[in-house]
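Below are structures written as structure tokens.
In the two complexes that follow, subunit A is the common piece, with subunit B as its partner first and subunit C second.
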Partner chain A sequence: MPIEVADINKHFGKLHVLRDCSLSIRDGETITLLGASGCGKTTLLRCIAGFETPSSGKVVLGGEDVTRLPPNQRGVGFVFQNYALFPHMTVAENLAYGLRVRRADRSTRKAKVEEALALVSLTEFADRYPQSLSGGQQQRVAIARALVLRPKVLLLDEAFNALDAKLRVAMQIELRKIVKQVGITTICVTHDQTEALTISDRIAVMSKGQIDQFATPTEIYDTPTTAYVADFIGAANVLPAELAAKLPSLGARGSREDRMIVIRPENLTVRPTKGSEPLAGTIAFARITGPSVEYEVEAAERKLRVLVSRADHDMLDIGTPVALDVDKADACVAVSGSVEGSA
Partner chain B sequence: MAASLVDKVMKGGGFWPAAPAFLYLVVFFIMPMAVLLAFGFVPIQRGTVQSANFTLEYLFDVLTDDLFWRVWWRSFYVGVLSTFFCFLFAYPLAYIHTLVGRRLQMVILILTVAPLLTSALVRTYAWLVILGGRRGVVNAVLMDLGLVSRPLRMLYSDFAVIVGMVQIHLPFMILPLITVLSSRDRKLEHASLGLGASRVRTFFRIVLPMSMPGIIAGTTIVFALSYTNFIIPQLLGGGGYTTVAVQVYEFIVVILDWNKGAILALLLLVSCFLFVLMITLAGNRMMRWTEAKA
Partner chain C sequence: MSETMTTSRPATADVAERGNASKVIDRIGATILAIIAVCTVLLLSVPSLIVIAISFTETAYIGFPPQGFTFQWYADLFARDQIIDAAVTSLQISAATTCLSLALAIPAAYGLVRGRFFGRGFASALIVAPQMLPGMVIGVATLFFGAYIAFRQSNLMVILALTVFCLPFAVRMVMARLTQLDPALEEASLSMGASKTRTFFEITARQLVGAIIAGGAFVAIEAFDNLTVALFTASPRSRPLSVELYNLVQFDSSPMVAALSSLEILAAFVVMIVLAKAVGLDRLRT
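After this line comes the complex of A and B, so read on.
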């Protein structure tokens, strides 16, 4: 079911939490909301599910305007950030709850619950109460409780964050299979950029209640539109245009004053130097990451990250004076805004 | 020796910190109680024990007396009905308390607690004035409005007693319910709605069962208080209105038959304890999930 979010604003008292958020999500698509803590991801998700009413704007599910519809009439599956399992019901009863609401008969209920439990490998926990499960197990129950209803739209608020790395990947793959097979339109929320890059068709990067960019993972990585996006997805060196212009291969490209230039660490190069260079610095730190070396170079009063392959490069010692340049001028993009306040 | 005792008390651990309270309870509560109850099993006349011969005669007399069972039945249904109506009035109020803004919450809380600042006796007298005779508040209003031509007889009935009990014990039901309801996790209601359940279903399947600890606390307190109260039945029930508690008072203070009074007190105490136990056990069955804390 396609989801259309149009110009949503949300205020909590004086706090302006969502600013003109718009998303247009195709049927069966999986998208991820990515952004720093407190930027409004959960709030946006809650607006779509109906737990929160936007101050202005519209939510359209499958062509129907549901902005004023209560959550129990939207048919949206929701996995809460902190699970929200019913403590007075066993795991199986939790899963059966939504089926009971839909008046599924006993045998259907039993079959579906068992299937869902098997899916999240919790069959032997059917009769336990949620409090006696580990965080990761509770999270899987929460996912199963939403999936057992086969909703047309599934909203997952950091649904994998309590799982260990192995289980997380397994669950993501399983979820992706079901989502594709049933054709569920999915919105995930996460802090984890690798998770976002692996599971989503498109990513919406949010900052301070705004959607900065909504595009495919490669577009987000290769052509970020704001410094915030560049910095949030993958590592990035964000330099003022006039400073970037000092890089020999880059030259005057895009050196308009109000802009910033994003240079990925793998696109920067270093070579030892003795003379005076337009942009020189010293190696402050070096670290081997498998086939490449990562340097931290101090230049022009900032720290730049450089990633070079070890195959065609002798490792440089800390303190070595170096000259900086870029490999491919095309891969450097000009963006608006600054990175202050982001990690 | 003394120092080591102080040490033990201060360092906490086990029984010692409770020792002063325990001692106080033994001397001023358990011992007098035991003595009073023992009076039911030895012959007493004019306040002196006649002989130390243990006898079940008084207990037997009471239990085979039809009158006792009629009086007991009244104690019981007054207790049950008061508890029931307290719950009926308290639950919606406590629930509303959790929905409204801070200011209204304060108002509800103050209105709930305020009656506790006056003595229950005074409030019972107030009900006399409100419900009483032709010049009572209710009758005066009804007659002025022309709704009734003759004053209604409200005082000295089950109705008056239960009205009094409900009003006087209401705070003890409201407070535990407010506590448990306001600390509940609203996300669970959202989850229920998100799974397609209606608000009504969400209330009965999620909110109500989760508030069980408060319901049990409230009902046990209110039942125990109503079942054993003797002032309200005496004043609002009138002369001929007896409950077990009223009878205990009459036998011990008025008739000075301590044997029978002690037996009645014992029966009241033990049965009250049993009912409270039953409510708690039934409640615990419904709250097995609370034991599952990892």
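After this line comes the complex of A and C, so read on.
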């Protein structure tokens, strides 16, 4: 089911937590709302679910304006951060609850619950209570409980947060498979960029209640539109245009003074130097990250990150004077804004 | 500490010495704490134990230590219609007050915790306020207010006054549980299509059962043996047990009073044990 979010604003008292948020999500697409805590991503998700009513703007699910509809009439599945499993019900009863509400008869309920439990491989835990399950199992129950109702839209609020790193990746891949298999339009909320890159078709990067950029993971990484986005997704050196112009292979770009140039660490190069160079610095720190070396270079009163492959490069010692340059000028993009206040 | 030890390993010896000193201080502290705890327990329980002991005395007056052993005063108690009637009145008042308090406390607590409305803080303070007032004040206030609207002293007046008096206990217990309860449970139920009413009965209320039982039990005990409120609001013709007992002590020093008190202690004790078994002692804390 396609989702249309149009110019949503939300105020909590004097706090303006959402500013003109608009999203257009295609049927069957998985998108992620990504941003630092307090950026408004959860509030936006709760507006779509109906737990919050926007101060202005519209939420349209599959062509129907649901802005004023209570959550129980929207048919939207929601997976909560702490899973919100009913502690007085077994796993099977948790799953059957929504079906009971829909007045499904006993045999239908039984069949659907079994099917959903099989989907998340928890069949043998049907009669256990949620408290006796591990975090990962509880999360699978929460997802199964939402999926058993066959929602057209699934919303997940930091649903992978409580899991350890290894389990998290496994669950993310598992969820992506299930969602693609069943064909549900999915919106996830996270502050974890790796999670966003793993599970999303498109990512909406949010900061200060606004959607900075809504695009595919590759676009977000390769052509960020603001300094905040560049800094939030992956590592980035964000330099004022006049400073970046000193890099020999880059030259003048984005002539306007308020522009910033984003250079990914893997696009910067260093070579030892003795003479005076347009942009020179010293190696402040070096770290081996498997196949590459990561340097921290102090230049022009900034710390720049440089990532070079070890295959064609002899490692430089700390304190070595170096000249900086870029190797692919095309990969450096001009953006507006500053990195001040970014996470 | 020997000379050689301090010179060869001064730091270690010093640490050991200080370690010993702090251990001694800890032990003294723990001992003092234990003594205070024992005294407190004695202070709380000995008066009740003395009353129970006196109720078995063979003498015709209240005196300690009791002499001999007899169930005579218990037998006398059950032979007096006046006391049996008073006990029945008290039970009725207790039951009605408990039902009324819970019927008001559950929705009130839900509104105060989950509601978002203007004046919520004020409403919360107002509902909990009677807890700060002495029962006597509530009793007198009800009596005077009743006089204005020609509402006389009666069981109903006792019930209403006691409800005002007990409501804060019940509200606070339910509120305490509700505050701990993750609102996401209710939202999850809504997102699965359940109405707010269904969500309340199938999800929220189920989580409140312990608090409701505990709150109800406190109200029941308080309403059963409250004197300060009942003294002013009860009709002279149908006195609750507490008022009856109060009169009995004033005009009679028979150990029957001790026997009656012993039975009340026993009843309260039984309620507490049943509650502890049913919902767990930790849930009974306010």
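In this section, the second predicted complex is superposed on the first by the 336 of 343 C-alpha atoms of A that agree within 3 Å, B and C clash if a C-alpha of one lies under 4 Å from a C-alpha of the other, contacts with A are read in each partner's own complex, and residues count from 1 in each chain.
In the analysis below, contacts are C-beta pairs under 8 Å (C-beta built on N, C-alpha and C of every residue); 3 or more make two chains touch, one makes a residue touch a chain.
Given the structure is predicted, the values throughout are model-derived calculations rather than measurements.
Novice: Sharing subunit A, do subunit B and subunit C clash or fit in the superposition?
Specialist: Subunit B and subunit C clash in the superposed model.
Novice: Figure out whether A:Ser132 sits in contact with subunit B (first) or subunit C (second), or with both, or with neither.
Specialist: First partner only.
Novice: Output check: A:Phe78 vs subunit B and subunit C. Expected answer is one of first, second, both, neither. What do you get?
Specialist: Both partners, subunit B and subunit C.
Novice: Does the superposition put A:Leu23 against subunit B (first), subunit C (second), both, or neither?
Specialist: Touch status of A:Leu23: no partner.
Novice: Where does subunit B run into subunit C after the fit on chain A, at 59-67, 95-103 or 149-157?
Specialist: Clashes occur only in 95-103.
Novice: Does any part of subunit A touch subunit B in one structure and subunit C in the other, and if so which residues?
Specialist: The answer is residues 49-51, 70-72, 75-78, 80, 82, 84-88, 97-98, 101-102, 145, 149 of subunit A.
Novice: Flag every residue of subunit A that touches subunit C in the complex, lowest number first.
Specialist: 49-51, 70-78, 80-82, 84-88, 97-98, 101-102, 145-146, 149
Novice: Which residues of subunit C touch subunit A in their complex?
Specialist: It comes out as residues 182, 184-185, 187-196, 198, 202-203, 206-207.
Novice: Mind pulling up the subunit B residues that touch subunit A in the complex?
Specialist: 185, 187-188, 190-199, 201, 205-206, 209-210, 212, 287, 289-290, 292-294
Novice: Within their complex, state which residues of subunit A touch subunit B.
Specialist: Against subunit B, subunit A makes touches at 49-51, 70-72, 75-78, 80, 82, 84-89, 97-98, 101-102, 128-134, 145, 149.
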